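One structure coming up, written as structure tokens, with questions to follow.
Chain naming follows the written order as A, B and C, and within any one chain the residues start at number 1.
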Amino acid sequence: MADTLLTLDDVAVHFTVGSTLKGGIKTLRAVDGITLDVRPGECLGLVGESGCGKSTLALAIMGLLAPTRGRVVLDGSDLGQRSRLETARLVQMVFQDPYASLNPRQTVRRTLADPLRLQGVGRAEVDERVMDMLAKVGLRPEHADRYPHEFSGGQRQRIGIARALILKPKLVICDEPVSALDVSIRAQIINLLLELKDEMGLSYIMISHDLGVVEHVSDRVAVMYLGRIVEQGGWQEIFEDPRHPYTRALIAAIPDPFHRAAITAKAKATGEIPSALNLPSGCPFHPRCPLKAERCVAERPMLEAVSPAHYAACHFRDRLG
Amino acid sequence: MRLKGGSSLWIGGGLVFIAIAAAVFAPVLALTDPVMGANLMNAEIPPGWEFPFGTDAQGRDIYSRILYGARVSLTVGIVSQLCNSLIGVSLGLTAGYWGGWWDDVVSGLTNLMLAIPSLVFALAIMAILGPGLVSLVVALGLTSWSYSCRIARAQVLSLKGQGYVQAARILGYSDLRIMFTQLLPNILGPLIVIATLGMGGAILSEAALSFLGLGIRPPFPSWGSMLSEARDQITTAPWLSVFPGLAIFFTVLGLNLLGDGLRDILDPQSTSRRA
Amino acid sequence: MTAPLLRVEDLRLALAGDRASHDAVEGVSFEIGRGEAFGLVGESGCGKSITALAVMGLLRAPLSLAGGRIVLDGQEIQDASAAEMRRLRGKRIGMIFQEPMTALNPLSPVGRQIAEMFVLHEGASWNEAMDRAEEALRQVHVPSPERRIRDFPHQLSGGMRQRVMIAMALACGPDLLIADEPTTALDVTVQAEIIDLMAELCSAKGTAILMISHDLGLVANMCRNVAVMYAGRIVERQPADAIFAHPRHPYTQGLVDSLPRLGERAKRGRQKLREIAGVVPSIAAYPSGCRFNPRCPAATDICRQVAPDLTALPAGGLVRCHHHG
């Protein structure tokens, strides 16, 4: 072990929806066979649009959802074998919405101190660690006894980060940590997350649809579409030499005047994201793909190597680029 | 009709305060002993200087009996509603948070309780336990928890997807701790409102049961039993029924206004106070 | 020079509070020519959306128009009656909002809602209007429009609903389309398509666009001129290319620099992002002088005391800063 912190082995999370009376039971394949690993000190970017399963995957990694198939191995042992308190010391999460993610009836101090007390940390040490953590995220000591509504969105997100780090976890899942914040505040939070990562030796899974943010913070990137990984590799490979047409469409969709020349109409995706209840045949991206061929309708491409650490699930992965 | 701004809170609070003060200080405020003060020489005297609310057929002072009756009515109202809240909130909280088969069981039970009028249920329990203060509290305390339960469950369902509830699970909180520290404080507002209104309902139910002769045994006074005894003299001595009736009316009105006022403070969604 | 389609002059919008009334927007002026796309950019609370509401005559208490003129095609509309504004909306001004679900009637099929525009504003018969509604859906690239016209809004995806909104907004060939964060609720690949669609239709029909967004990149990509708002005032107005390449106001510079941009890391390695210090001030506590001064790295005494005016830049454009030189 030791060289990977988190290993996902063919993890699938399926939900059954509907009832036998109304149109029958269907299976929603929210996450459908994900194999991934995260190494200590690394930041893995997880990119995808709504319905791609990235949030479901995050819940499965934290043990809040039991996978239908496959294994989640965290720090050397299966997630299901650990107690809630043990898991809490290993993996934590920073939420998207800084308003809904803090209990309005709890002071900052209580929000940060309670998890430590649950772990059996003594009173004096709890106080010290709470104050230390507040300082780390850029809040002042007098903030400790205030309630969430007294803070701005950016400050609340700092509290959310402090709460995620108070137990000194090894892995932190950041679920769109800046997309609900004012544009002028985002840089503060991104810088803070990166500083803390180095200072505390954390690993991140950075879930985001904002490719600029993902490129900035990630070491490796996985692109998800409809419950599966369609491309995976180092950040440079994904952003400089994308091989899956979906990755290229995501990049082409970014409205950035400096990139205007690089955007080619050919790379853009068309149409809407299909429902995960009704997956298209063959390659799930084919109805929207500018490169669609007959083979794509019939045969599902597997995630295969483009170069040693770069994988893409596209029949034409070698022709692109 | 709704009173404007905070006035319902103040009027309601004032009425409830008077009722509670009457109950607490009954021995000080009463003119005669409510039970032993019988004196047939003074029977059925209309309200006047000596007996402000008049006297009954046994010559007991109605004013004093109403003060002591407040003790029974408020005790029954408060204690039985506490039982209801406790049962309702425990069931609603757990059903909403855990879901699954437990939720089905609780929802079924709640619907059953809502379908049968709670007074009929209470009557049945009283018939088994026999009359008395304790039976009253038990009968009323076991039969109207369905409102608290439904409110608690609905609130928990809307809150449990919030980030802070998820965060608490990730931080290692046990389910019970999540319910007590994360959910309960955030749903307390509407529950207090429901409890206040429920106390009014329990006082009315007590009156109804005592009126039917199933409540407090004479000669001890409760507002309901006083009404019951006054039945035959309603035309000859109307003050016998008017004053206990007014006591019930103002106490229940006070509790309802208080509930409305608290709703405005505790539950910002139901108000139009936004600028 | 021909008269602009829309001219907003010295617009002032008041927000009535519990104790005092505050100016939510002040001194906002801009012009949009026929067929021109104009962008209004800013963070939440900067006043961009209520400026658009004012143009549409949709301000509601506690907001009210406190001064300034709004001229549409030579006609002053800031004092127009509710009935006049209703006629203008739909016929001369079309609107798209962030969340189409709230703007569409959930109980009526989308085809009927589009057809209603033709019936109300052009006196068409229902039969004719339904045929034109189908055509309008085809124009916004909704697949199989003959079936979709019978769908209810909840049966459509977010992107499809926004297409329906666009079809409705453009149904009567308005002169001006006001789009308030039209793609914020959509996925990025769908957003790109919707933006392309809006730009394509408007340039084909000669419709001007007032595009409102928090995303400077998005707006700069689509519009010819862009104004940046901060705390109720326009702080900078420049052609779209210039605002990205040479932002002159420290706030705009901060916005442009503070976001990680694709390709930067490959070119220059990972640099620490430039932060804009502090937080957006609340409307009741706007600082005196330049409203950006507490967060500005270049602020001096004059910035704290005197509110700067919009001054013209030699290369065209306007900036509201004492130190823009």
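We take it that a contact is a pair of C-beta atoms (placed from the backbone, for glycine too) under 8 Å apart; a residue touches a chain by one contact, two chains touch by 3 or more.
None of the values given here were measured: they were computed from a predicted structure.
Q: Farthest chain from chain B, going by mean C-alpha coordinates, please.
A: Looking at centroid distances, C is the chain farthest away.
Q: Between chain pairs A-C and A-B, which one is joined by a greater number of C-beta pairs in contact?
A: A-C
Q: How big is the gap, in whole Å, between where the Cα atoms of chain B centre and where those of chain C centre?
A: Centres of chain B and chain C (C-alpha means) sit 55 Å apart.
Q: Using mean C-alpha positions as chain centres, tell me how far chain A is from chain C in Å, no decimals.
A: 31
Q: Hey, how far is the Cα centre of chain A from the one of chain B, in Å?
A: 51
Q: Where on chain B does chain A make contact in their complex?
A: 162-164, 166-174, 177, 181-182, 185-186
Q: Which bits of chain C are touching chain A when the two form their complex?
A: 43-44, 143, 157, 159-160, 187-193, 195-196, 214-218, 220-222, 240-241, 244-245, 251, 254-255, 258-266, 270, 272-276, 279-280, 295
Q: Residue numbers of chain A touching chain C in their complex, please.
A: Residue list for chain A touching chain C: 49-50, 152, 154-155, 182-188, 190-191, 194, 209, 211-213, 215-217, 235-236, 239-240, 249-260, 268-273, 288.
Q: Inside the complex, what are the residues of chain A that reach chain B?
A: Those residues of chain A that touch chain B are 62, 64, 84-85, 87-89, 91-93, 95-97, 100-106, 114-115, 118-119, 160, 163-164, 167.
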